[in-house]
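First the structure, then my questions, so here it is.
Per-chain residue numbering starts at 1, and chain names A, B, C and D are given in the order in which the chains are listed.
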Amino acid sequence: MPGNSFGNLFKITTFGESHGPALGVVIDGCPPNIILNEADIQYELDKRKPGQSEVTTQRREEDSAHILSGVFQGKTTGTPIAILIYNKDADSSKYEPIKDIFRPGHADFTFFKKYGIRDYKGGGRSSARETAARVAAGAVAKKILEKEDIRITAYTKQVGKIKAENVNLNEIEKNPIRCPDKAAAKKIEKFILNMAKKGNSVGGMVECIITNAPAGLGEPVFDKLDADLSKAVMSIGATKGIEFGSGFDVIKKKGSENNDEMYIKNNKYAFKSNNAGGILGGISTGQNILFRVAIKPTPSIKKEQITVTEDKKEVFVNIEGRHDPCICPRIIPVIEAMTAIVLVDHLMRFKAQCK
Amino acid sequence: MPGNSFGNLFKITTFGESHGPALGVVIDGCPPNIILNEADIQYELDKRKPGQSEVTTQRREEDSAHILSGVFQGKTTGTPIAILIYNKDADSSKYEPIKDIFRPGHADFTFFKKYGIRDYKGGGRSSARETAARVAAGAVAKKILEKEDIRITAYTKQVGKIKAENVNLNEIEKNPIRCPDKAAAKKIEKFILNMAKKGNSVGGMVECIITNAPAGLGEPVFDKLDADLSKAVMSIGATKGIEFGSGFDVIKKKGSENNDEMYIKNNKYAFKSNNAGGILGGISTGQNILFRVAIKPTPSIKKEQITVTEDKKEVFVNIEGRHDPCICPRIIPVIEAMTAIVLVDHLMRFKAQCK
Amino acid sequence: MPGNSFGNLFKITTFGESHGPALGVVIDGCPPNIILNEADIQYELDKRKPGQSEVTTQRREEDSAHILSGVFQGKTTGTPIAILIYNKDADSSKYEPIKDIFRPGHADFTFFKKYGIRDYKGGGRSSARETAARVAAGAVAKKILEKEDIRITAYTKQVGKIKAENVNLNEIEKNPIRCPDKAAAKKIEKFILNMAKKGNSVGGMVECIITNAPAGLGEPVFDKLDADLSKAVMSIGATKGIEFGSGFDVIKKKGSENNDEMYIKNNKYAFKSNNAGGILGGISTGQNILFRVAIKPTPSIKKEQITVTEDKKEVFVNIEGRHDPCICPRIIPVIEAMTAIVLVDHLMRFKAQCK
Amino acid sequence: MPGNSFGNLFKITTFGESHGPALGVVIDGCPPNIILNEADIQYELDKRKPGQSEVTTQRREEDSAHILSGVFQGKTTGTPIAILIYNKDADSSKYEPIKDIFRPGHADFTFFKKYGIRDYKGGGRSSARETAARVAAGAVAKKILEKEDIRITAYTKQVGKIKAENVNLNEIEKNPIRCPDKAAAKKIEKFILNMAKKGNSVGGMVECIITNAPAGLGEPVFDKLDADLSKAVMSIGATKGIEFGSGFDVIKKKGSENNDEMYIKNNKYAFKSNNAGGILGGISTGQNILFRVAIKPTPSIKKEQITVTEDKKEVFVNIEGRHDPCICPRIIPVIEAMTAIVLVDHLMRFKAQCK
């Protein structure tokens, strides 16, 4: 199967290049009779859109969502929902001088090697702009999760050495870093702006919590919930690692430390800890699901780097253009979107087989 | 789709419970005319089989591979290859006393919540024994990779605080830890045996290197090579995290440090570093592909733990049985197998669309 | 999986309602470097578009194809190709009076029972207008087949009792019936117009020939070439049957009559007959592939029919609107399109596994 | 995707060659807690097994079903159900003399062209024996349909010119032809035996009725219920055509004759006729679903035929071996099985999205 579809029962197919006429997504399998309008989608797109603050790219895209199908008189009909987002502020002129050059840290080289042709304008299909379509689809998924009271919250946990220590989820949307720790947010903002001034960029870590997901989601042995979340998240550009619960800390743990003991609380099954991150044997336990994602520093930097051309010449390149100095704030809605899509898909799979 | 198939063009479907009559796998889509016999499969199964050394479970399974179809006169025919592995040393008696109990750190609880029924004998389908079928399929995938000179090597990189510092790939199969650092291997072995004596278990980290994979593998935007490898590896029980190249270290890196600059060497494209782990934009670069996996400590420990029963009573449980005190040595062939399957699948996908 | 995608390696996903803003298709997996422009697609769309002649609906849609992605500087890039066709002449007023009525022979009732909601305007997603998206995708598939010299030709073989006896493929596009027999075409035209005048409609049969397909296409045991063609064709509205080669005539045949004997001609394998229709064991033989399709009479007729409303009242209905009195002429490009998509998909599958 | 899996949520993967050690199937996605044992499967296998009567092959296979996984204490667990059927009476000696010969009407030639290698013993994977695995899977599907009171009944409708006129479903299992008309059954039996005596074979037609299927099954626009049933049935060897409801008779019908008018009966929606065969717009109406299948005469005949060898020599061949002179009686359980699998799959898909 080609690689631009994701999901099984709630299935999305995305398309579009950074500087083409439009990006879009087709959502197939959405349950009928879900109340949905363009504002629902716009709300999520606005969290991802460029130009939100000083720490994000200054490209000015309104990223308006246009629903082309699958919604009738304000409700989903069960037929495919196509959503279009037009590209408006594409400025291809900056890409002409580097059209034969493979930018370091970018997919220019690999697209060229794979397809033998590449749309060099704005990175074409490999642009992070592609994720707008994911966010649009995620907005629909979130509408479905809302009915089940399932909530997904991602936030910037760390940038450089600065870590959110006091996590307060209400703080997230109050600062441009989307950091749940007010003090850390300020430090991070300062750090990022300082880097940007130097033409450089920085990496970071995003944490994601899912609350109220029922026990039973996940399809062993291959489509385990953590496996599918890993694929979903690692398919987003710039992600370099993912871990669940205790994650890489398990390396140093003993079984007696890492097992989550169970007990009975108010006549319900309960766990004394959550080292597993809410998933056992690839199936949700009913606890919070928790994972963390490593985000690489933006590869586009205003610094001289050595690289090569298609015809094998070595050249210096200095990436002009409008780029985020840190990817964390704007990747958060994308991580939430992909997570939402995985959850809806697994809710439907669970229902199909086991309910 | 249900969750027991993996891969698109090279597709495996596994089945079987730990204490049922047999485990097995059906491989569909294998290219015809590949030389294949049961010894090829046995070679890999022997690396995973129990009872290899003091640091592994003492269950005695010969894990013999039986090819039922798809091979004719020593060659694959292009039709599905079914491989069967009989269970012989299953001892269900140890599971009778705990048949109503949810073992901490195990999938007993989640299988019960999902399916409303579970095969409690040896963990049923959730047993790590399930991975034998993956290894058998991986052996076939490796035969195909061999023809392209692509090689996958996984090894124990760290257990507890003990890390392999001097990596010598020739050392791996010379010690029961499968550690490429002879000195570290000895320390780790001692550490594990000490833990085992106390009835406890330990976590660790496995590193995997793929050499000689061509540029061009991976299918953006969702079936990126790192996304598919992540899913493949995170679908193996006991894995809690995965990272590529610099991995979680990118959190603290600047763009200027993390980008891999390119140059020309012997008239070929080359990279000055490999922070990306051999994958850019989800497509292989032609460099080594490198990832690391966090492995949790075995949940089955001979220590008193509190847990609950199906009918909501709190009880103490002490897991008898024959369990690996550290999962690393025997998960290595499984990680290699899943990696091999992903690579063959992507080689075929690349060929189908772009060659 | 939801039902709006078709194909495996060459995969299309369609969307859109008859009276919504637009119809469209996303083609994923198209090989890169295929020369493609909107005129290629328009050429095929024009064969399906309404208002071509007196025997077709008078709805006036120009059905312009807009490529939104996947094509760069006149060539496919290997990324998804999205094509949009705007609805312009939708006249929903005729549907208001029948919005609670289930039209006989239409999908109104079944969409209502399935989804609990339906877009009644122009039949919504169940409209034959949906097939425009298939034709657009088929145009891309045909570009790929062209390179291999594979040609698909469908035509009206029979309407009512009038049959094409002298098949001359050059005649097909010279008459509005798309009938390869000039004399039969005239008779059929007269017959259809007479029926239309009476407010009635007529059924017919379409025959399809594929020339120059190589031997080896088809994936036993389930994705046989005839099985996949059957699904492709039977997924088009109004088709009620399909047969290959001798088809239903085999009922009365003996083995000695039906087997196609082989011989050697110019040092090549050859067949003495083609009762099989070019497919043996689900795999193409290299002969012409031949199948026939039964097309039901248009259900929308200007005659009083009894039917029911959503709230279970019996009513008379007389379908006004602009409908084809015979579906054959305009279903031909749709059958060709679906056939082309199946062939490209199987060419790629064959290449992936066996080349 | 390779071609040996079928279904989406209820998904089967089959394997095995005619003269290999065993045939088998893995059923993935089966709902848990279905009561199932080997006798349920044996019951269906016995209807397909060879040697039932004089009109079937004399190969003696007991075709015993062995469940290897997915069933625990008499109930399905939701994990994959693997079923094995050993080959016991394989007699490969008859195939040695023709191992380089392409038998007319068989898949020998196409398998050779596709894979470049073929298992010539008993036809290998292209043998009709492959369908035993489908029947085993269908038996599980039927257990699920039983709970919903959905019933599938297929029977021989016609052989040569002899047609069942008085259809009495209770007659079917009372004669070796599986014909619902006692008188016709006798004539057909005589006709077939006469043909067999001459070393020849005959074609026929099978009709299939599904009763009590709910309205709402089928996934437009590609996975329509009739499209999926067509693929399912046309994937069975020897089928050359399928038609639903009025089928090919629609060619001569007017819209006013073919539309099924609706009315209200006992406060329920009802239809005055069933020309549609129980499916409108690809979705079940709640009426009986009805289709007919054309079955070719067995290609293996004891008559001299001309054919060719791999190395391009023309030779005469006379097929010895044990073959059914008419395929109808033993293909009936296979058609029922494939139909059952499609229905269960669509019931689950309907439930996942719309319930």
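Here is the rule we use: a residue touches a chain if its C-beta (ideal position, glycine included) is under 8 Å from a C-beta of that chain, and two chains touch if they have at least 3 such contacts.
Small disclaimer: the values here were computed from a predicted structure and weren't measured.
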Practice item. Could you let me know which interface, B-D or B-C, is made of more C-beta pairs in contact? Key: B-D
Revision key, fill the gap. Rotating subunit A onto its identical copy subunit B by a Cα superposition takes an angle, to the nearest 5 degrees, of 180
Check your understanding: With residue numbers as the basis of comparison, which of the pairs A-C, A-B or A-D duplicates the interface of C-D in over half of its contact pairs?
Key -> A-B
Check your understanding: Using mean CA coordinates as chain centres, what's the subunit A-subunit B distance in Å?
Key -> 26
Revision key, fill the gap. Subunit B and subunit D have mean C-alpha positions lying a whole-number Å distance apart equal to 39
Practice item. Could you tell me the distance, in whole angstrom, between the mean C-alpha positions of subunit B and subunit C? Key: 46
Study note, to complete from the structure: Note: subunit B residues in touch with at least two other chains are 1-5, 8-9, 14, 29, 32, 78-79, 114-116, 125, 220, 349, 353-354
Practice item. Indicate which of the five shapes (line, ring, star, complete, other) describes how the chains touch one another. Key: complete
**Study point:** Residue ranges of subunit D touching subunit C (in the complex, touch as defined)
**Key:** 1-6, 8, 14, 102, 104-107, 109-111, 113-116, 125-126, 130, 158-161, 195, 200-205, 215-216, 218-224, 226-228, 230-232, 234-235, 237, 240-264, 267-269, 272, 276-277, 279-286, 294-301, 303, 305-308, 312-314, 349-350, 353-354
Review point. Contact residues on subunit C for subunit B in the complex?
Key: 1, 9, 29-32, 78-79, 220, 348-349, 351-355
Review point. For the complex, which residues does subunit D have touching subunit B?
Key: 1-5, 8-9, 11, 13-17, 20-24, 26, 28-29, 32-33, 66, 68-70, 72, 75, 77-82, 84, 114-119, 124-125
